[in-house]
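Several structures are given next for inspection.
Two complexes are shown next, each including chain A; its partner changes from chain B in the first to chain C in the second.
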Partner chain A sequence: MKSGNPETGGMVPCLLIGESAPHIHCGRTIRGLMLDIIIAMLPSAVLAIVYWGVDALRVMALAVAVAVLAEAACCRLMGRKSSIDDLNAVVVGLLVAFMLPAGVAWWAVVVGVGLSICLGKMVFGGIGANPVPAALVGYAAISVCWGIHVDPDTVQLATSWSDPLTKLKFFGAAGIEKFGYADLLFGRQIGGLGSANVGMILLGGLYLVARRTVRWQIPLAFLLGTAVVSGLFYMAAPETYAPPLFHLLTGGVMFAAFFIATDYACSPSRTAAMFLYGVLGGALVVLIRVYGMHVDGTAFAVLLASLVVPYCVLLRPKPFGVK
Partner chain B sequence: MIRMWKEFSKGLWKELPPFRLMLGLCPTLAVTASANDGLGMGAAVIFVLTLSNVLISLVRKIIPQKVRIACYIAIAATLVVVVELLMQAFAYPLYQSLGIFVPLIVVNCIILGRAEAFAGKNPVHLALVDGLGIGIGYMISLTFLGSLREVLGKGTWFGHPVMWDGFEPFGFMVMAPGAFIALGLIVGAMNFLNMRMAKKKAQGALQEMDGCAACGGCAMATKSREL
Partner chain C sequence: MQRFSLDSGPGNVPEQVPAPDEFIVSFEADFVACVAKKARVEAGAALARAQERSLRIHAPVAGVVTDIGPGRICMARAQDADDAADEAKAPQTASETKQALDALQGAALAEALGTLGVDAFALTLPAKAVVVNALNPEPGMVWVGSALNHCADTVRAGLRALQRLSPAQTWYFVTAHEAGGLFEDESLSRYAVVRPKPAYPASMDALAVKAATGKELPEGVLAVGLHDVFNIGAVALTGTPLTETIFDVAGKTCRAAIGTPAAHILEHCGLQPQDGDIVALNGLFRGRALSDLRHGIGKADISLAVVRAGTYPPVSDAPCVGCGRCIDVCPARLSPDMISRCAEFGLFEKCRKSYYVEACMECGLCGFVCVARRPMLQYMRLAKQESASLEVRS
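So, the complex of A and B:
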């Protein structure tokens, strides 16, 4: 776009005004943002260790270690300055770990996190260049290939809890009667080791929103999308479909809304676009859960929604004077 | 003789069809779920490409300019029918697994591309080695891509198990997206190697050149050198 000159009142308004130095730095750094996200993930991580013991710690530590090593190796191969100190690799590793069950095989973690960093992030040019959330790339790849080693249902056998979404898938609304909302909120359900602790994720998410690390529109729109679409199904046939609150408190919905869908590089930035993106993702979750073959379609819903983002971004006001 | 070697060897690295010229990508992506299929497809293309190059080079002075494309396609189509019938007779399982992609060799851009760019302008012996070189390059590429996908995706190579016990096949690789990702990674790796080689070669001689021209790894550089 041509840059108009504000003084001559050009036809095209100046969208980017560059003043000469010195500038005031607002104090935000990538490292600071990533630290915020890690802090927000801590409560859920602690609860995961309380519930699953050293297994959960093992998965998270391995994921973070592999992520940092993979990023360092990629940077070296690309002949770049190492970018591991911006903590983004740590966050990506933790995000992948949060979606995996605590008993997952170590090689699945290594391959998943390695793919996330190498194919999800570095191959496009590093942080800020990824077209889809990096953590989802590796998770999607391993969950498609090694479903039996990655699905919470087939991995977490030594527990009395069960996976509410599997019950819903195979037994319909009758299968989920015994789940209380309080149980779901406190994470007494089988799911990803971190993402199933819905209450703690919500706590961390609210912290992120309060700190303005993430924009509130995306999580709100995502949860709204899930609630409205599942509400429509529920209103149509309450004896077959689960109530909206059930969908919000199970699987990875809360986690995806606050931590995955808000990825800086691949979420839009205008309010209308953010709402469209969030609602689309949330609606896709329910559609996959109802019609799809996946038990919890959250990861795939966010992947699809982030592929639509380039079109959501077209929702913008017409610049003054442009036909 | 040197000329013939030059025309033959360019197909093996410098103009490797699917990875350097980006030609013939449709079968490259579609039939390389196993090394065997890649090899079979490559062999069929060698046969068709070499013979069509020779035939087209033989008749290049008789064909009127205006109808040359139609003639090329008629020649290629004849040869493809021959391959198809041979395959049905002697390699029926391969014919079944390649499916529609055998008849589609007719419209493969490598065949028409070599005919138009090379065989239509050059004598028979050069057209023969050009077809052989490009065809063998294509077969090697397809077999390599097929091997990569089969070893990772099924844990076998030409049908024989090659990975360790307890290896969990990475099934994603034999599905359609795996083909795109594997192709992209191979092309990236080849560009990386080429840039490395060009840099090493150019270190001494091209000291005075700056920026893009000094690297020699991409199309921009060739262009600026020609200017």
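So, the complex of A and C:
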């Protein structure tokens, strides 16, 4: 629209933007949030390369490339504008990579990431519409279908480290005596190439909380859920069950608490609901570890917890002035 | 400084924007022009009047009517117009009018104010309490401080007239400023001064009422903005028609004759808009973007601002990612994410029944924080409008 009349007030005509209010913005965008998440993953990614060398780099690079290409292809097929520049595909790719062991076969990465993007995200309409965390869809699919190919114990042979959760599962509390908490914290365990670096994940997670990229309630509640339920087991029979700190520092717990359970689309947004969801997810981890057939079970715990999210609308306050 | 502070300090002495050569005086749809094209009009003569009410709109200066369009009259300032002479003319009638106004009450006073260009009819409706909302409407605005500190007489005259207009028994004055001096006047002793935490969105009428009465949407409580009080006061104090507005531009309080084009005001303040800029009328959170700089400023206008191109990420039709930020900031405790999604897909019934969109105060905060840059306030307004019309039909 042309505006400004040279005859009035001597203004030069100019094209004004006719956007709707508000005309100001806090400045944070999806891309900005995704960039934050990528930054938060960097420490663990670097440590993974230190520990596993080119193998880890290969998995991460492949995952990101597949994610971006799959998303671009889906957008094209769906006849819509490409959404890859919001960086969400990069994040999903990295999240899947972080859960896989460094020695995983290339085709498992391709299938896992491809499924995460196509079935986990795009079929529902893209970012924001997924009912469960997209990264879990691909990961769960490959670990159910080709479990042996993504199991850290079977693919990560050239190392003296072991998977503490496998030891716990098959040898009970006696099997985990040799693991020091410092070892676990620094990622001297096998597991997901990124998620096992528990200390670095915690560091990145705290960064996300400090930046308010994720809300603190969900990670806190998740970790509390794991700690309390595993604590109950431990108190009942310390010779059979692992102490709470062991559960917090192994498998994908720390990673899920900060990076997976906080997925915007499928986590609740009000405080009470966030706590409920977080505690439920954290508790399920321990229940699956104790009673389930999976050694870790974090991924499935988050998937199950996501199922309660639609009911969280029941936990909202009354709107202003509504009686 | 506090985030979203509404406390602008004492403010400046309002700066008079010099009269432009051309005026564009706008009015509402139910108005009819009472002058003809090319007619010469005197300052303060009625240009148009409402059909059902006594309300009029007056010529800000002496001049010639150049154009009459739907909802607006353009005027060229008479080159020979001697402003001083205009002002000096008939001081007699003005002081008579002023005295007459002082004696009137209720509907009769509203009627008389209407003929002088102030719409005060709603204030005469039955009410138990009146809340004067004297908070700067939005962060960054300053005119409230200027009005309270430098135009106290006008504000007092407005508050006094308000007491005669409304049948209410209880009176509140909600502000962020030191308003003590204002109420030293015996005649205003019935106003209770309330000072909520001065941070946006406290300036929403519904929240000002809550701050004063402690209740959410109580019945029989009327909220009145300070700008309306100021306009009433300006007329009550002088006895002359309302032909000016007080407003702010870029952190400075100004006064300008109604009908002064936005272009002229911005130029006076050294703010030339460029291609791609947004010129926001009446607030960055809630106001509207002008598409035409020939918009003449109106009696109720309170602010003009320029947002330079590229300052903020552009609005897009992106889907909601569910980050929940809008839920955190909503003063009405709504779920703007869900309402906007429903509005997006035309599910207006749901907006009302499941998500109570009518409780939305239109503060614009959900749009301010939305990381997907969705046009949230637009969705809210659309949903309110559509669901209200559904209600009427059903």
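In the analysis below, the second predicted complex is superposed on the first by the 296 of 323 C-alpha atoms of A that agree within 3 Å, B and C clash if a C-alpha of one lies under 4 Å from a C-alpha of the other, contacts with A are read in each partner's own complex, and residues count from 1 in each chain.
Throughout what follows, a residue touches a chain if its C-beta (ideal position, glycine included) is under 8 Å from a C-beta of that chain, and two chains touch if they have at least 3 such contacts.
No experiment lies behind these values; they were computed from the predicted model shown.
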| item | value |
| --- | --- |
| Which superposed partner A:321 touches (first chain B, second chain C, both, neither) | second |
| Contacts of A:129 with chain B and chain C, given as first, second, both or neither | second |
| Which superposed partner A:23 touches (first chain B, second chain C, both, neither) | second |
| Touched partner set for A:177, first chain B, second chain C, both or neither | neither |
| Partner chain in contact with A:146 - chain B first, chain C second, else both or neither | first |
| Partner chain(s) touched by A:239 [first = chain B, second = chain C, both, neither] | neither |
| Contacts of A:270 with chain B and chain C, given as first, second, both or neither | second |
| Greater residue coverage of chain A in the superposed arrangement, chain B or chain C | C |
| Overlapping contact positions on chain A, where the chain C interface meets the chain B interface | none |
| Complex contact set, residues of chain A against chain C | 1, 3-5, 7-12, 14-30, 32-33, 125-129, 215, 264-270, 313, 316-322 |
| Chain A residues touching chain B - in the complex, by the definition given at the top | 107, 111, 119, 123, 141, 144-146, 149 |
| Residue ranges of chain C touching chain A (in the complex, touch as defined) | 20-22, 206, 216-217, 261, 263-264, 266-267, 272-280, 283-294, 305, 307, 309, 311-315, 318-325, 327-328, 331-335, 337-338, 356, 359, 361, 364-365, 367-373, 375, 377-378 |
| Chain B - residues contacting chain A, complex | 168-172, 181, 188 |
